[in-house]
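Both of the next two complexes hold chain A, though its partner changes from chain B to chain C.
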Partner chain A sequence: MVSLLQSIDTGHEDMIHDAEVDYYGLRLATCSSDNSVKVYDIKNGNTLLDDLKGHFGPVWQVAWGHPKFGNLLASCSYDKKVIIWKETNGKWGKYYEYANHDSSVNSVQFAPAEFGLVLACGSSDGSISILSYIRENNTWDAKKIQNAHAIGCNAVCWSPAIYPEPAFDNNSEHTLKKMLVSGGCDNLVKIWKEEQDRWIEVCKLEVHSDWVRDVAWAPSAGLHRHIIASCSQDRRVIIWSSDDAITWNSTVLHTFDDVIWNVSWSLNGNILAVSGGDNKITLWKQSLEGNWQCISDVGKGSSQINN
Partner chain B sequence: MALNWNNEYYVALEGKDLQANAMAVDITGTYVLLAGRKYFAIRNLDEEVQLVQKFPRQSKYDVGAAEWNPTMHHKELCVISSNQRLEVLTWRKEELAQTHSLKAHTRVITDLNWHQMDPNILASCSVDTFIYIWDLRDSRRPSLSLSAIAEASQVRWNRLSSNLLATSHDGDIKIWDQRKGTAPVQYVAAHLSKIHGLDWSRTSETQFATCSQDNTVKFFDTTNPRKAEYILTTNAPVWRARYTPFGNGLMTVVVPQLRRGENSLLLWNTANRATPMHTFMGHKDVVLEFQWRHKRPGDSCFQLITWSKDQTLLVWKIEPFLQKLCGYEPEDPHEVTSYHNPKENVEKIVRKAVPKVEPLQQEFSLLNVHIPNLEVKSMNFPNRVCSVRACVNRFTVNLEVTFPIAYPHGVPPNFEVKDGSQVDENVANQLLQTLNHLAQQRVSKNRTCLESCLRQMVTTLEQLITDSEADRMYENTIINPENSFGGFNDAYIPFPRTSGAKFCCVDSLICFGRVSHARRLSTKMEIATPRALSALENILAKRSSHQLSISAYYYQKPRSRTQHYSAKPSKVLVHIYDCSGLFLVHKQLAKDYILGGDVATICKHNAAAGAVVGRLDLVQAWALAELVANPQKVDEGDIWAHHPFNSHLMESLISHYSSLNDIQMAAMLCCVFGKQQELLLAMNEKNAKTPKSQAHFKLVPSTFTSSKITKHILHKSSSSPYHTIPPADVIAEGWVFPSLETIKSSSSVDCLWSENTRTIKAPSSNIYEYYKLAYAETLYRWGLLYNRAEVLKHLSWPQEIHKGVEFLCDCKNCIKPSRASSCNSCRKLTLNCIVCHISVRGSANCCIVCGHGGHTIHLLQWFERNDVCPSGCGCKCLIETGNMFGD
Partner chain C sequence: METDINTILIPSKLCNRAGVSLAWKPCNDLGIFAYERKHSGAQDKPSQYYPTSEASVFHVRQDVILFRPILRKLINESNGTFLNLQELLARKSTNTQEEMLNFSRQYRSIIRACLESLQEDIARSKSEADKDELQNYITIFYSIECIWHLCEILFIDSTPGNVVLPHLLEWVRFHFPKYERNAAEMLCENQEELEMKPEYWPTIIGLMMQGRVRIARGLLKQHSAADTRAFLLVDQCLKAMPQFDVYSGLSASEFHLQWQHWVMDIQSKIDAKSFASHKNLELLMKIVVKDELAWSEIKKHFETWYELLPAWLFYAEPSVKSYELGTFAKYCIRQMGLENKLKHLDTVLLAAMEYDLLEVIKEIQKMSENGWFATHLANLLYHSGQLTVLEKDVDNFSAKALQEFLIVDYGTMLMGHKSLWQVGLSYLDHCSESGIHIIELLLPRVPVDNEYKAQKIIREAVKRELHHIAQFVCKVQGMKCVKRGRLGSALTWALKSQDSTLVSLLANRFLKDYAANGKLRNTDLLFNLGPTMLSSDRLIFLGKYYEFHKLYQDRQFQEAGKLLIKLLESKIIPKYFWYILLLETIPLLESEDIIFSSNDTYMIINFMEENQFDERIKDKLDVLRLATARNLSRAVLYESELN
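Here is the complex of A and B:
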C-alpha cells in the first residue's frame, strides 16, 4: 500500500527536527539542530537548492506557503526568531524576520491561501503570533495572543478554509472565519477564532494529562464536521470532533509506548500519521463504523512497511 | 578558538562590581577599557580566561566618555572625561597611569573624540557651549576653541578629511573647519528632537548619519545639507547609530530608558531601510556602548564589542553572511582592512614605507602566539618553517609547518607531525587531514592560514579527547556553538522532535527519524522520552558529557575507541513514501475522467476509465449514475428520471463515496448530478409554459408531506401552477375553505414546487460544493489545470470576484459602465464594432488607449494591413498599447 519513493541524504550535521514538501511536491525543506534550513529539489535528482543560514539556534519547524504568494518558506527556532524566506530568481533570501517572542518559537504554519498570506507562530513564551502580510504597503502586521497557553505553546494549526457552515447563503458575501487550534504545556488544546481583528478563545479542550505536543485540524473534505487530532507527552492521541466547532467530543485513538510528537492528516481522506519518541510511524484510518484502526507501520531507517 | 561561543557571541567579562558606564576598544583590538566611578578595568580580549586588571579610581564623578587613541602611534593612550576635566591615561607595561589632565571647560563635558589621523589631537565638547581642540604636546590650554552658542552633545572628527569636525546641538548639526574657527562652515537643521548620536561615513568625507529622539536615523551629505539623503525609521528613539566597517551597514541601539525588551542591537543595510538585517540579542539590559574590534588578518569575521548596563561585555561575531547582507563581499583581507577601515590608514602607510614586506614575514609577526595549550617553538622566516608543540591532556603533538615560496597564493603549507609526539597514528592522520583541508580552503582564496590552522589543531585535539563528537565534520568548529542549549527557560521548551511524519501534497508521506542503530542515552529512571529540553542538560551532566546537543543524547559512547574514530558521520535521511495506494483518489482517473458533453457520454466514458484502473465499483456506480441522471429518457416517456427515488439514489451514491473519503468520485457525481438538475430545470420551465404535460406533476406529490386536502387542491389547481386565482370548480365543489385560504395555499404550493425542482438536494448542496472545491484543489496540486477548470465550471456559486484592473464598456445609450456584454439598464449590447458598426456579441477586443474596438476577427484583419485605429482617431493602437504594458 505504501511504497518508498526516494530517500534523501540531507547532509545536515545534526539531528533534523522537521521536513516538509511544498504545495506541488517539487521541493523538500528540512531543518536541523545545526541551525540551518535546507531546500532540495526532489523531482530532478535530489539536488540541494539552498542552505539557508540565519538562525542562531536549532531550527524546530519549517512551513511552506501557498505558491500563489510566491515561493515562501517559514522557519522557527530556539533563537526566538521566525524567518520567512523567499525565493527570487532561483535564490533564497530572507524576506521577513520576526523577533518579537521572548522564548523559543516551536511551531509555524501558513494559513490556507483563502485567508491571505498569514502565518501563525507558537512560542514557549506562551503566546501565539499571527503575522499577516498587507499588500498595500508591503508590510507585515503582527497580532499577538498573549498568554495563549501558560508556560508555553507547543503547536499551532489552522482550520481548513473549506468547512461546512450551516448558514451558507449564495448571495451574501461569505466571509471565512479564521480559526486556529493550539496545544501547550498547560495540557490544553484551545480553539481560537478571529472576530473583528481580535482573536478570542472559543473553547479549551481538557483531556490530556501532560504537555500537548502537536495538534492537527483535519482537512474537512468529505467530512460533515470538524475533526482535530492532538498528541501529547501522556503517550495518547486524541481525536476531537464537532459539528459547530464549539462543543467537542473526544475519542482516545490509542495509548502508545512512548511520547507522541507528531500528528498529520492526509489531504484527502481520513488517514492520520502518528509518530513519536520511539522512532516509529503508524498510520490510522477510521472505519465506516467509526472505529480507528492502525493500517500500517512505516519503519524508519530500514524503510520497511508492515501492513 | 576554544572560546565558548554561545551561538553568535561569547561573554568576555561579567563584572557586577565595576559599575562602568563607558567602554572603549583600542586600535589593536586587544584591550577593552571599562571606566566607572570607582574603577578602571582593562580586559585583554586575546586571553582565553577572563583576565581583567582593575585599577581603583578616586573621583566623585562618573566617567562620561572614554576613547582609545585610534592611531598606532599612540595606541597606548586613552582619554576619559570626568565632569569638567579630561584625563589622558597611558597603558604601558600592564599599568594604567594618568599622564595628562586637560581642564578648560566650565561645565560638564558631554563628548570627546580623538582626531582620526593626528595622534596628538583631541576634541571635546561641553554644556558650556564651547568645543575645544587639544594638542597633547601642549596640554595647558586648548589649541583651538570653537564657540557654538548652544550646548553641544556630540563631537566627531571626519574620518577622511583631517580638518572637518561635526558637533550636534539639540536637533542641529554644525560642521566646523579647524582652519576657520570663528564660525561653523555649515549648519544642518537635522531633527526636530534631540540628536543622540552622530557618525561620519567611513567611505565618503561628505556623508554622515545622525540619530535622534524622534525615532529616526537621517543620512546627510554636506554638499546638500538642506535635505536628508534618506531616512531610516525605527520604533524607538535611537541612542547611537554607527556605520559598520564593512559594506554599507549601520548599527543602532535604542535609548536607554524604562523600556523592557529593547536590549538588542540592530544591524541595517542602508541600501534597504525597511527591516533590520539582523538583531543581536543577548543583553539583559540596555546596551551602553558598542565598538568594532580591529579585524585580524586572516579572520573572515568582524567582531563587535558591546557593554551593557547588565555589566556584561559581549563579543559578537559578524559572520560572513551578515557582512554579505550589508553588501560586503570579502576580498583579500589586507586590502579589506585598509580600504574599509580608514582608522588604519596610518598603519598602512607605515607598512608601505618598509620596502616589500613578505606576506609570510608579516604573518609571522602578526601571529597571536597566545593560543591555549599551544606553544610556538620557533618561527624561522628565511627557512619558511614554523614549529609548534600542542599539549592537550595526554596528547602531545609536535607539528612542523613548512611554507612553499608561492604561499599563500593558492599553495597550502605542508604539515608534518614530528618525533616526540604522543599520539596514535589514527589521530595524527585525522589531524593532518583536517589541517590540510582547512589550509586548502583558505589559500584557495589567497588567505593566510597559519593561525587558524594552529587554533584548529588545538580544537581538534580537544574534541578528540572529549570524544563525544565524532559524528561531526570538523570543518567549521569555530562556528559550531559548543553549548547551544542552557538557560532557565529551557524547562518550558519541549524536548525536540527527532522523528516525524507529515502528509504533504496529495499522496506523499515525508518521514524522518534517527538511524536505527541510534540508541537512547537513558538512565534506568528514564523510561519515556523527557518532555522538556532542560532534561537534556540534567542527563548529560550526569554523564559528564561536554556536549549539550540532542545527538549526544541519542548516540552513546562506543566501547572501543578506535572504532569510534573510524565511524563515518551518519547520514541524516529523509524518506518520501508514496501513499497513493491508501487513498481512493486516483491520479490516472483524474486525467481520464471527462465532464464535457451530455450526461450519458460522460457516464459511459468514465465507467470505462474506472474499468481500466480496476475499480469495478466505479464501473457500477457510473452505470447507475447514467441510468439515474440521464434526462434524455424523459422525452421517451420513461418516468425513471422523475421517479422520487431518482434523486435519493444519486444522493446516497454521493454520500457513500464521501464516507469512503473518495472525494474524487463524490465530486464527479456532484458535477454530473448538477448537470442533470440544470437539464431538468430547463425542461420543467419549458413544461410550465405549456401546461399540458403531466410529467411534472409526478414529481410533486412524492416530495410533499402536507395534508391530503392540500394535495387535492394542488391536483385540482395545479393544471396551471403559476396562477394564483383558483379555478372556479374548487369552490363549486363546496369545500369549506374560504377562497382566500385556497389562494394562499395554492401560491405557497407554487413556491414550494419551483423551489423543489431547483434545489432538490438543498440541505446538502453546500457540502457538494465543498466536494468540488476539494477535488479541484487536488487537481491543482497535480497540475491538471484543465480538469480543474472543468470541475470549477460546475460550481453553483461564483468563484471569487476578480480583484485588479478591469476594463469595462460604457453603454452607448445610457453611458453607464457594464460588466456584461449587454447594458444592465437598457438591455442593449454595449459595444459597437468600429469596423462593421454592428453590436458585438462574443469575442471582442478594444484598444485601451483610444477605447475603440470590436469583433476580434475584424480587428485582426484590419491590423494586418494598417497600424492606425479604424475609427480614424489617429491612435496607433498596437504600438501605444504595447508601450502601456511595456513599463
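Here is the complex of A and C:
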C-alpha cells in the first residue's frame, strides 16, 4: 500500500515545472513558470529556506549537486540561461551563470560525482553543453555539442559511473567514461561519449515516432549492463538495454492512453516512475522473468491525506 | 497491465486539471506535483492556471507496517535468526534437515511472540482505530504463522514414506486450539454432569475431528451415564481404533485391512442399533464410519476447509501420502461449498498442499507485511534445497536469483529507515550478485544526523571495503564543521577523507587565524599530526610551525632556531605568512647565546632585504636590521675564535 504523508505548499504562483530532492532527501527544490526557484527544508516542518530570483523566464528544471562539492543547485530556464547557485550560511547566491545558448534551456543535470563537478544541459537551439569546474583556477570550462537534435533537445541524462568490466579486455584502460543520453524533437534518443576532450555521438536510437520528451539512464546496481528509459509524445515508454552502450535493444514498456512526459528511476534503479498527460503516475518494476509490471499508480482526484 | 495494482489519489484539483509529475526522494518516497509539459518554444506567458494557490508537492510513501515500533522486535529477532542461518551455511557446505527445521521453528516462535505482544497491545489500547490497526496486523501475522507452519511440514520436515497426517493434525490443533482448551478446562473442573455444559458434545466431536481420541474418551467417561452399555461400547470401540505409525513395522496394506475390519465392526454395531439410545453417541460412531449424513451434519463445526481436511483424512484416508494432499484439499473445499469463495490465505494453503512452491512464494509476496515473510521463507527453503529442485521443471528459473531478488527488496526497504538501515545492510550483504553495489548506492544516502552516526556509516563502509564512501562521508562531515566554524574537527575529518585540497584549505584557515590574532588553535591536534601531516604542503608547514612554537615555549632556543631557518629556506611558506616568520627571528637574534650562525644570519638578511618594501614589515625593518647586524658580528667573532 502507498499512502500520502503530507503536502508541501510551495507558494509558487504558477505551475511547478520540476521538483527535486537533495542527496539525503532533506531539502526540496522547486521551479516554476513564475520565474523563481524555491528551496524547502522538508525534514523540519517544510519551511521555505530561500526563494532564488535570477531567471527572467519560466524555470524548467533544477538539479542538485553532489554534497561532496558543497551545496550546489543548478537551474535552467526559458531565458536561455543556466544558473548554478551556491549556499553559504543558509543563503543561496549565484555562483556561476552560463548564457551561451540561443534558445530556451530545457534540461539540466549534474554528472555523477565520480566525474568531478560537471553538468550537462540541453537547449531548444538543438545543442547540448557540458560545463566542467576547473579547481585549479576556479573557472568553468564549457564544451558544446552543436546540432545534437534538430529543432531542439528536450532532455539530457548522465550515465552512472561504471568502470568497464575488466574480465573481457585486459588492454582496455580502466578509466571512467563520461556518457550522456539525450532526447529531442527529431524523435531520436542519442548516446554521447567523451573521447579525448571531445564529445562524439556513439549511437542514434530510432524507434519513437514523435518527440522524445524525457530520457533516464538507470542507476547501475553493479550489473555491467546499461538500461535507459525514454518516453515520447507517441504515448510510448521504451526501455533500452545494452551490454556495451553501443548496441541497444529496445522493449516497449507500455503504450499509454496519452502523451508521456516524464520517466525517472528510483535510487537503486529497481523502479521506474512514468507520468504523463493522463494525470497518472505509474510505477513499474522488472520481474525476475524480465517482464515489466505496473506495481502501483498514483492518480488525480480528491482523497484525504492520512497523517 | 495487471489488475491488482494499488492506486492512490492525490487530493488536488490542479493535478486533475493539468497533469502530474514526480520526484524521487531517497530511498523510495515520491514527491508528486501538478505538472504540464510546456513546449519550450512556446511564448513566455503565465499558464492558464495562473495565479494558483495550489502549487503543492505531495509527499507519497509506501506504507511500511514493519516500521511500526510494535513490530521492531520482529525485525530485529528475525534478523538475528537470518544471520545465524547464513553464518551456519558459510561454515559448512551441507546442512541437515534437523538444522533447517530448527531455524524454521525459531522463525515461527518469533512470529508467535509477535502475535502475543500484538494481543497484549490490543487489550491495552483505548482507541477504536488503534484496535482495528492492531487487529489487522494480527490477521496478517496469523496467516503468516499458519502458512509457515504448513510449509515447514510439507517442505522442510518431510517424514519417511511421505506420511503427513500426524503433522497435519498437529497443525490443525495448533491453529484451532479451542477444543483442547475446552477439554482441559472441563477435565480440571472435575464436575458432575459435565454433559450439561453446552460445549460438552461440540468439544468431544471437535476432539475426535482433530484425532484426539483419548481425550474424547476421557470426556465421555465424565458423562453421568458413562456406565451404561452404550457408553461402554463406544469406549471399547474407540480404544480399539488402529493407529497408523510408520515406525510400527506395519505396512500400509496391513494397516488398511485392520482399519476395514474395525470400521465394519462398528458399522454392524450401528446397524444393530447398539447406540440408538443415545443420539450423540450414534452420531459419533457414524462419523467414524464416514456416514455421509453424519458428516454433512457436523460440517457446521468447521470454520474452514483446512480444518475439515485433516479430520476427513483421519477417518477416510488415514494413510494418505503427502503428494495426494492437493486432491483431498480440493475435495474438502467442494464439501464446504467454497470453490468460488477462496480467500488469499486459502489460495496459498491450497498451493502449498499442491506442492506448487513458486505459486506459494508469488502469493505471499502480495501480503502486506512488506516482504518480511517471503524473504525469510524463501531464504530458508532455498537453503533446504527445496527451491533449487524446481529449476529442473521451470524454464529460466533460478532459485538463487529468486531468493536474492526478495532479499534485495527487503534490505533496500530497511535501508530507507532512519534506524533500521544497518539491519538492511546485513541483508544486502547476503546478495552475492548485486548486494554490495546497492550498498554502494544507498549507504552514502543515509542522512548523517550527528557525528556518532557518521562514525557508524564509516565503520560500515570500511567493513565492506568501500573506502571511497568512508572518505566521502568524512569529507561531508568536514565541510559541515567548516560551516559551523569548528576548524579542529573539520581538520580531523578532512585528514580522514584524504582530501588534500580540503586539508590545505583548513591549514590556511589556521595560519590566517594566527596571523590575525596571534593564537594557534587546536594545539593538541597539531601536536599529534604525525605522518598524516604529509597529506598537504600547507599542513606540513602548519605542523612544523607549531613545532617551532613548542620548542620556543620549552626554551629550547637552539632547536627552535634551526627549525626556523629550515622553514625560511623551504619553499612552502604561504605568501601571507613569511613576515611572521621573519619577526619570529628577532628574539632569537637578540638572545644571550648565539643561535644563528653567520650563514644563517646572511640568509635572514637576504630574506629581509628582498622584502624590504613590504608594508607589513616597514616599521619593524630598523629593529630587524639592528638585530641581524648585532648577531652577525657576534657570530663572526665566535666562528673566527673557533677556527
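As a convention for this text, the second predicted complex is superposed on the first by the 284 of 307 C-alpha atoms of A that agree within 3 Å, B and C clash if a C-alpha of one lies under 4 Å from a C-alpha of the other, contacts with A are read in each partner's own complex, and residues count from 1 in each chain.
Assume a residue touches a chain if its C-beta (ideal position, glycine included) is under 8 Å from a C-beta of that chain, and two chains touch if they have at least 3 such contacts.
As the structure is a prediction and not an experimental result, all values here were calculated from the model.
Trainee: Using the superposition on chain A, decide if chain B and chain C clash or fit.
Mentor: After superposition on chain A, chain B vs chain C: clash.
Trainee: Quick one: is A:Ser32 in contact with chain B, with chain C, with both, or with neither? Answer first, second, both or neither.
Mentor: After superposition on chain A, A:Ser32 lies in contact with both partners, chain B and chain C.
Trainee: On the A-aligned overlay, A:Pro58 touches which partner chain: chain B = first, chain C = second, or both, or neither?
Mentor: both
Trainee: A:Cys294 in the overlay: touching chain B, chain C, both, or neither? Say first, second, both or neither.
Mentor: second
Trainee: Just checking: does A:Asn268 make contact with chain B only, chain C only, both, or neither of them? Give me first, second, both or neither.
Mentor: Touch partners of A:Asn268: chain B and chain C.
Trainee: For A:Gly11, using the defined touch cut-off, is the partner it touches chain B, chain C, both, or neither? Pick first, second, both or neither.
Mentor: Once the two structures are laid over each other on A, A:Gly11 reaches both partners.
Trainee: Once chain A of both complexes is superposed, is A:Tyr24 in touch with chain B (first), chain C (second), both, or neither?
Mentor: both
Trainee: Does chain B (first) or chain C (second) touch A:Tyr96, or do both, or does neither?
Mentor: first
Trainee: Is A:Ile281 in contact with chain B, with chain C, with both, or with neither (first, second, both, neither)?
Mentor: Both: A:Ile281 reaches chain B and chain C.
Trainee: Is A:Lys80 in contact with chain B, with chain C, with both, or with neither (first, second, both, neither)?
Mentor: first
Trainee: Can you check which stretch of chain C gets into chain B in the overlay, out of 127-135, 253-261, 541-549 or 577-585?
Mentor: 541-549
Trainee: Both chain B and chain C touch chain A; at which residues?
Mentor: Common to the two interfaces on chain A: residues 1-21, 23-25, 28, 30, 32-33, 42, 57-58, 60, 78, 103-104, 106, 124, 152, 154, 213, 219-222, 259, 261-262, 264-268, 270-271, 273, 275-281, 288, 295, 298, 300-303, 305.
Trainee: Going by the contact rule set out above, which residues of chain A touch chain B in the complex?
Mentor: Listed in rising order, the residues are 1-25, 28, 30, 32-33, 35, 42, 53-54, 56-58, 60, 78-81, 94, 96-97, 99, 102-104, 106, 124, 138, 151-152, 154, 162-165, 168, 170, 185, 210-211, 213, 219-222, 224, 233, 235, 258-259, 261-262, 264-271, 273-281, 283, 285, 288, 295, 298, 300-303, 305.
Trainee: Flag every residue of chain A that touches chain C in the complex, lowest number first.
Mentor: By the definition above, chain A touches chain C via 1-21, 23-26, 28, 30, 32-34, 42-43, 57-58, 60, 67-68, 70, 78, 89, 103-104, 106, 113, 124, 135, 152, 154, 213, 219-223, 254, 259, 261-262, 264-268, 270-271, 273, 275-281, 288-289, 293-305.
Trainee: Which of the residues in chain C come into contact with chain A in the complex?
Mentor: Interface residues on chain C, with respect to chain A: 1-2, 5-13, 15-16, 18-38, 40-41, 44, 46-47, 49-53, 55-63, 368, 396, 398, 401-402, 405, 408-409, 412, 433-434, 436-438, 440-442, 444-448, 472, 475-476, 479, 483, 501.
Trainee: Spell out the residues on chain B that touch chain A in their complex, using ranges where they run on.
Mentor: Going by the criterion above, the answer is residues 7-8, 261, 264, 274-279, 281, 319, 321, 325, 472-473, 481, 484-485, 489, 492-494, 496-516, 528-529, 531, 533, 549-551, 554, 569, 571-579, 581-585, 658-664, 666, 766-767, 770-771, 773-775, 777-778, 781, 783, 796-797.
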